[in-house]
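Structures incoming, each one as structure tokens.
Here come two complexes built around chain A, the first alongside chain B, the second alongside chain C.
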Partner chain A sequence: MENVVCTFCGSVCDDGVFEDGDVRKLCALGKSKFSKKERIKAPMIDGKEVSYEEAIEKAAEILVEAKRPLLYGWASTVNEAIRLGVLIAEKVGGIYDQCASVCHAPGTLALIEEGVPGGTLGSVKNRADVVIFWGANPVEAHPRHPTRYSVMAKGLLIKDRKNRKVVVIDVRETKTAKLADIFVQIKPGYDYAIISALRAIVKGEKIEADEVGGVPVEKLYELAELMMNAKYGVIFYGLGVTQSRGRDRNVENAIKLVQQLNRKTRWVIWPMRGHYNVVGAGEVPAWEVGYQFAIDFSRGYPRFSPAEFTAVEALVRRDCDAALIIASDPAAHFPRKAVEHLKKIPVIQIDPHPNLTTLLSNVVIPSAIAGLEAEGSVYRMDGIVLRVKKLVETEYWSDVQILEKMYEEVVKKVG
Partner chain B sequence: MLWIKNGIVIDPKNGIEGEKMDIFVKEGKIVEESEVKKEECKVIDASNKLVVAGGVEMHSHIAGSKINTGRSMRPEEMRVVRNVAGKFRAVVGRVLLTAPGIGYEYAKMGYTTAVEAASPPIGSPHTHEELDAIPILDKAALPVFGNWHFVFKFVSEKDQEKLQAFIAWAIERTKGYGVKIVNPGGVEKWMYGSNVRTLDDEVPIYGVTPREIITEVVKANEALNLPHCVHIHCNNLGVPGNYETTIETMKLVSGMKNENRPVLHVTHVQFNAYAGSSWRDVSSGAEEIAKYVNKADNITIDMGQPIFGHATAMTGDAPFQFTLHKLIGARWSNKDTEIEGGAGIVPIVYLPKNPVHALQWAIGLELGLLIDSDKVVISTDWPNGGPFTEYPYIMAMLMSKRMREKELERVSPYVQKASSLPAIDTEKTLYEVIKMSRSLPAKILGMENKGHLGVGADADIAIYNINPNEVDPSAEYDLVNKAFRKPAYTIKDGEIVVKDGELVAETWGRTFWVDATKKVSMEAIEADLDEYFQNYYTVERINFGVDERWVKKPARLEVS
Partner chain C sequence: MPIEVEIITGRTIDQGKTVEEKLTEEYFKAVSYCELNEEDFRSLGLKEGDRVKIKTEFGEVVVFAKVGSVPKGVVFIPIGPYANQITSDDTDGTGMPLFKGVKGVVERTEENVKSIKEILGVE
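Moving on to the complex of A and B:
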């Protein structure tokens, strides 16, 4: 089968070729998604194998009996499943949160402050003569991004790699930096100051310092000059910007820089989103209940409060008394205090593969792998929707089947 | 089966003007009396009540990436709680609304059909996912064509055959309903940091002009005989002096005729009806536009009425949105989209004492009053002009000079000299505002079973607590305004969904889409499609678009 859509990273490449259980054209990360890996064998309650129906009924019971269950994950499943998750969270008065709250949510906070002047990856491929990767390392995290969309990609106005200047701004010389025409190494935690300096230069103000954040001022002038002379520029920012000192304020500052640049020429800015459908995990709840993440339904209507209702906050404060974890592994990635609380409360897991979270889950529900064994729609990092396909048959229920049944059970119990 | 008894019916399409009569409903359709068994009917006593068709919204941003980014960037909009979860979904939103809220609020006003007015083609699966999350209403979406490179190419080659094939292909692939054009050529120029200023400015690379794009696309639309005419958001939106561009645009179709509907619908004209040369001397160009539209026999418009209070500007007119951002200093989102166009979002608030805002408000009403009621549709261009939930206010204002006089007292005196509103004595009748919100939009959209109560129509019905033969809308404007906010019943496909202004049932409507592929030869554009997808898109051609089976309740309209 051709034109297979990959369900690994936010690049969501849609040109894979699937034959005899093997996939071609995709990167190593993408290929791993399609290769055989350890699976959760069967649904389990407290380690005992049960039927899907029994596991789902038990899960529904836990969710309904809890005062405020946390429903977390969602970045690696399809929109149809996410929608059901939001509906269940609303029904049981729980919390809906998703992986963005530990990666790119600062970008959403910046969106709230300033909006986001952006474009699709196709705009970049066709038009961008200056591409900046800031705190992002696509060569390792989004391996085909440079060839398909940003560095070597050819399009309408950019016919050759030589038509494009690529800049990497990072705290260390990453593999992506090796692809760049210009590498700017900055001191960790100085993103905000450097963006401010660039804003000042673009505005025509003078910088009264020799260096900012480890970068000589002359180099910043050169960079600002390059930005102002671009015909169509893009800043792709990564976790280096959102998860270092300043977080959402870094992004907000960069957006203000882009606003300013648009008074002279064209610039866009966009986050390098990680999981293949982490965008969907925000878009779906936004249209269903108004917000992207950190949503509490305990009062019967959605409330958004990142300082209270993100998964880590709710767990650390012991403010949830059950959890449904889907397509994610918080036991491996969350802070110790959060995991400690997770160990104390009933946990339901939905995932194709066993992980650390499986070990602390009371109800484990194995699912089909989206994009290989189940179909559905997903949002690429730039919001472009793609339909991932079902390529092989499976005995496993899909996330959608599981959650449809769970929703049905929840409705039965709460009315 | 329903028997709506003794209602006072206004049904402009069928020439019924306040007659006492019974309406019968069977299997979601309006039927003859002889078709139903009366003893099996649920009887609705509509004595002394106004019975009309369900409202038809022809231009609103109800689904897709724009409205959803608007929600994400404006949590302050979402903090108004409208409904707590229970029998129905939780709903939040001040002017912006969640998807379930859109369905509920339209139904609670007696509206039963709504069209998403601008869907980026590559974003069409997103648009449909959101349409599928809107309960009750029948829906459709208009993909945007005016800055799509395929269109530039075929227009520059003056190849009507290819343009027609492409439009048919695109509407089928996006499961769209018709052809929308937004600032043709101007959004492409935005990719280079500028905009078009006249109908003769050239688009880079292709050398085509807005004049050529509009003319050729309208020709193609007419050759395909699509149910809906071309639906245009004109060039120069939001620019003082732009009323001239609007009239020039209208003139492009002079001489063209379609017996069933207009050949061009010009949307949210308020934003394109400014005279003057700057915001300092801006005034209304509504009279000139009204004169032209009234004289023409092939053009309709909708108002784009601003409502004082909060709003969110969101359009496919990306360069305009940037100008607005600079003008008012508000947040700004932008989305350049592959080789298709772009979009932007900027929060705004219309203040009655602000001279420009008051003028915009006055211009919307001037258009509604000065243009014949079979050529102007009620709209706020939600959420651009403000909430659609204020349609009852607009209807009441159109029907009452006294209400307008009272409202004029609270707005900037600038409107006294810059618009003709204070001098307009016209009072539209109930019959006319029902036309402007039902039969006319249905006719422009080419939805034969919508907007009327004749036999065979969809049983989408609104019943309001006013008797048209007794009420005096001119004097009793408060009563009229209140009545339209709280239907006694809203009936969708024969089911009662709203009673006494409260939601009583959640149903799921259809999504209409138009299939004109049989009218064209796809062969003509195969090579072009392949070339552009290979070179300029970032998705494979086969992965572009929406399959019918992904849509919850698709309703295909084949054009033959």
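Moving on to the complex of A and C:
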């Protein structure tokens, strides 16, 4: 089968070739996605194997009995499943939150304040003559992004690597930095200050310091010059910007820089979204109930508050009394104190593979792998919707089948 | 002598390749180490394969130490359960923990690196 869509990272490459259980053309991460690995064998309640129906009925009971269950994950499943998740969260008066809250949600907060001058990966490939990776390391997190869209990609107007200047701004000399024409090494936590300095230079002001955040000012003048002279520039920012001091404010400041540059030339800014459908995990609730993450339904209507209803906040403050975790592994990826609370409450897990969260879960429901054993629609990192395919048959239920049944059970119990 | 550092976490290829196989030896290897600047590595008296204890206001963890391309005073740990023993759970109202830039101290240790199950407290 040709044009197989990769369901690992946010680049969602759509040119894989699948033959005899093997996938070609994808990167090491994509290949690992399609390779054979340990699976959760059967649905389980407290370690005992049960049928899908029994596990789902138990899960529904836990969700309905809880005062405020947390429904978290969603970045590695299809839009159709996410939609059902939002409906279940609403019915049980729970919290809907998704992986972006520990990833790129600060960018969403910035977008709410400032809007976002964005563009698709296609426009970057065809037009961008200056590409900046800020706190992003695609060589290790989105390995084919540089070749398909941003560094070596051959586009309509930018035909080759020589026509494109690539800048990496990071605290480490990452593997991506080695691809760059210019590497700007900064001190951790100084993104905001450096963006402010660039804004001042673009505005025509003078910087009265020798260095900002570990960068000599001459280098900042050079960078600002390069940005102003670009025909079409792009800032791809990563978790280096959203997870360090300043968080959402860093992104907001960077958007303001791009707005300023747009008075002179054309610039866009875009997040390097991680999981293949983390964009869908925000877009689907946004079109269902108006918000992308941190949504609480306990009053019967949706309320948005990152300080209260993100998964980490709800767990650290012990504000949820049960959890449904789907397509995600908070036991591995949340700070210790959040995991401590997860260990104390009933946990339902839906996932193809055993992970750290499995070890804490009371109800475990194995699912089919989207893009290999189940189909559906997903959003690529730039918001383009792609249809992922079912390539092989499986006995496992898909996330959609599981959640449809769970919704049915929940409705039976709460009316 | 312990040294003061800033800790950053991030993805790596090996972490990504094994992220759906977290109960394997490969994943353990991919996430249970840290990278230090060469100078810091030497001043702590470390050799390849040695272990360090990293402490922050949020917890402590023992990991293997390697030399990496990080500046002096910065420690890099791949995202995962080891890193999260010491990351900040304070989100400043954004929901986002401070995964990058928590201050801490690093010292050489003879203590063992815990298994993933021990870290999680399920064994």
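For the reader, a short list of remarks on this structure follows.
The definition used in the following text is that the second predicted complex is superposed on the first by the 415 of 415 C-alpha atoms of A that agree within 3 Å, B and C clash if a C-alpha of one lies under 4 Å from a C-alpha of the other, contacts with A are read in each partner's own complex, and residues count from 1 in each chain.
Following the convention adopted for this analysis, contacts are C-beta pairs under 8 Å (C-beta built on N, C-alpha and C of every residue); 3 or more make two chains touch, one makes a residue touch a chain.
Computed from a prediction, not measured in an experiment: that's the story for all the values here.
Partners chain B and chain C, once the complexes are superposed on chain A, both fit on it without clashing. When both complexes are overlaid on chain A, the residue A:K25 reaches neither chain B nor chain C. Within the superposed three-chain model, A:K390 lies out of touch with both chain B and chain C [touch as defined at top].
Within the superposed three-chain model, A:E313 lies in touch with chain C and out of touch with chain B [touch as defined at top]. The superposed three-chain arrangement places the nearest Cα atoms of chain B and chain C 15 Å from each other. Under the contact criterion defined above, no residue of chain A touches both chain B in one complex and chain C in the other.
Residues of chain A that touch chain C in their complex: 8-9, 28-29, 32-33, 37-38, 97, 101-102, 105-106, 109, 137, 140-141, 143, 171-174, 185, 187-189, 239-240, 242-245, 247-248, 274, 293-294, 306-307, 309-313, 316, 329, 331-339, 343, 352-356, 359-360. Put simply, chain B touches chain A in their complex at residues 63, 65, 67-69, 71-75, 78, 81, 83-86, 89-93, 98-100, 122-123, 125-126, 129-130, 133, 149, 190-193, 205, 322, 325-326, 331-339, 342, 345-346, 535-540, 542-543, 547, 550.
By the touch rule above, chain A contacts chain B in their complex via residues 2-3, 5, 14-15, 79, 83, 90-91, 93, 108, 111-123, 125-127, 148-149, 154-156, 231-232, 259, 262-266, 268, 282-284, 286-292, 297, 299-302, 304, 377, 379, 383-387.
Those residues of chain C lying in contact with chain A across their complex are 6, 8-13, 16-24, 58-59, 68-71, 74, 76, 79-81, 84-89, 91-101, 116-117, 120-122.
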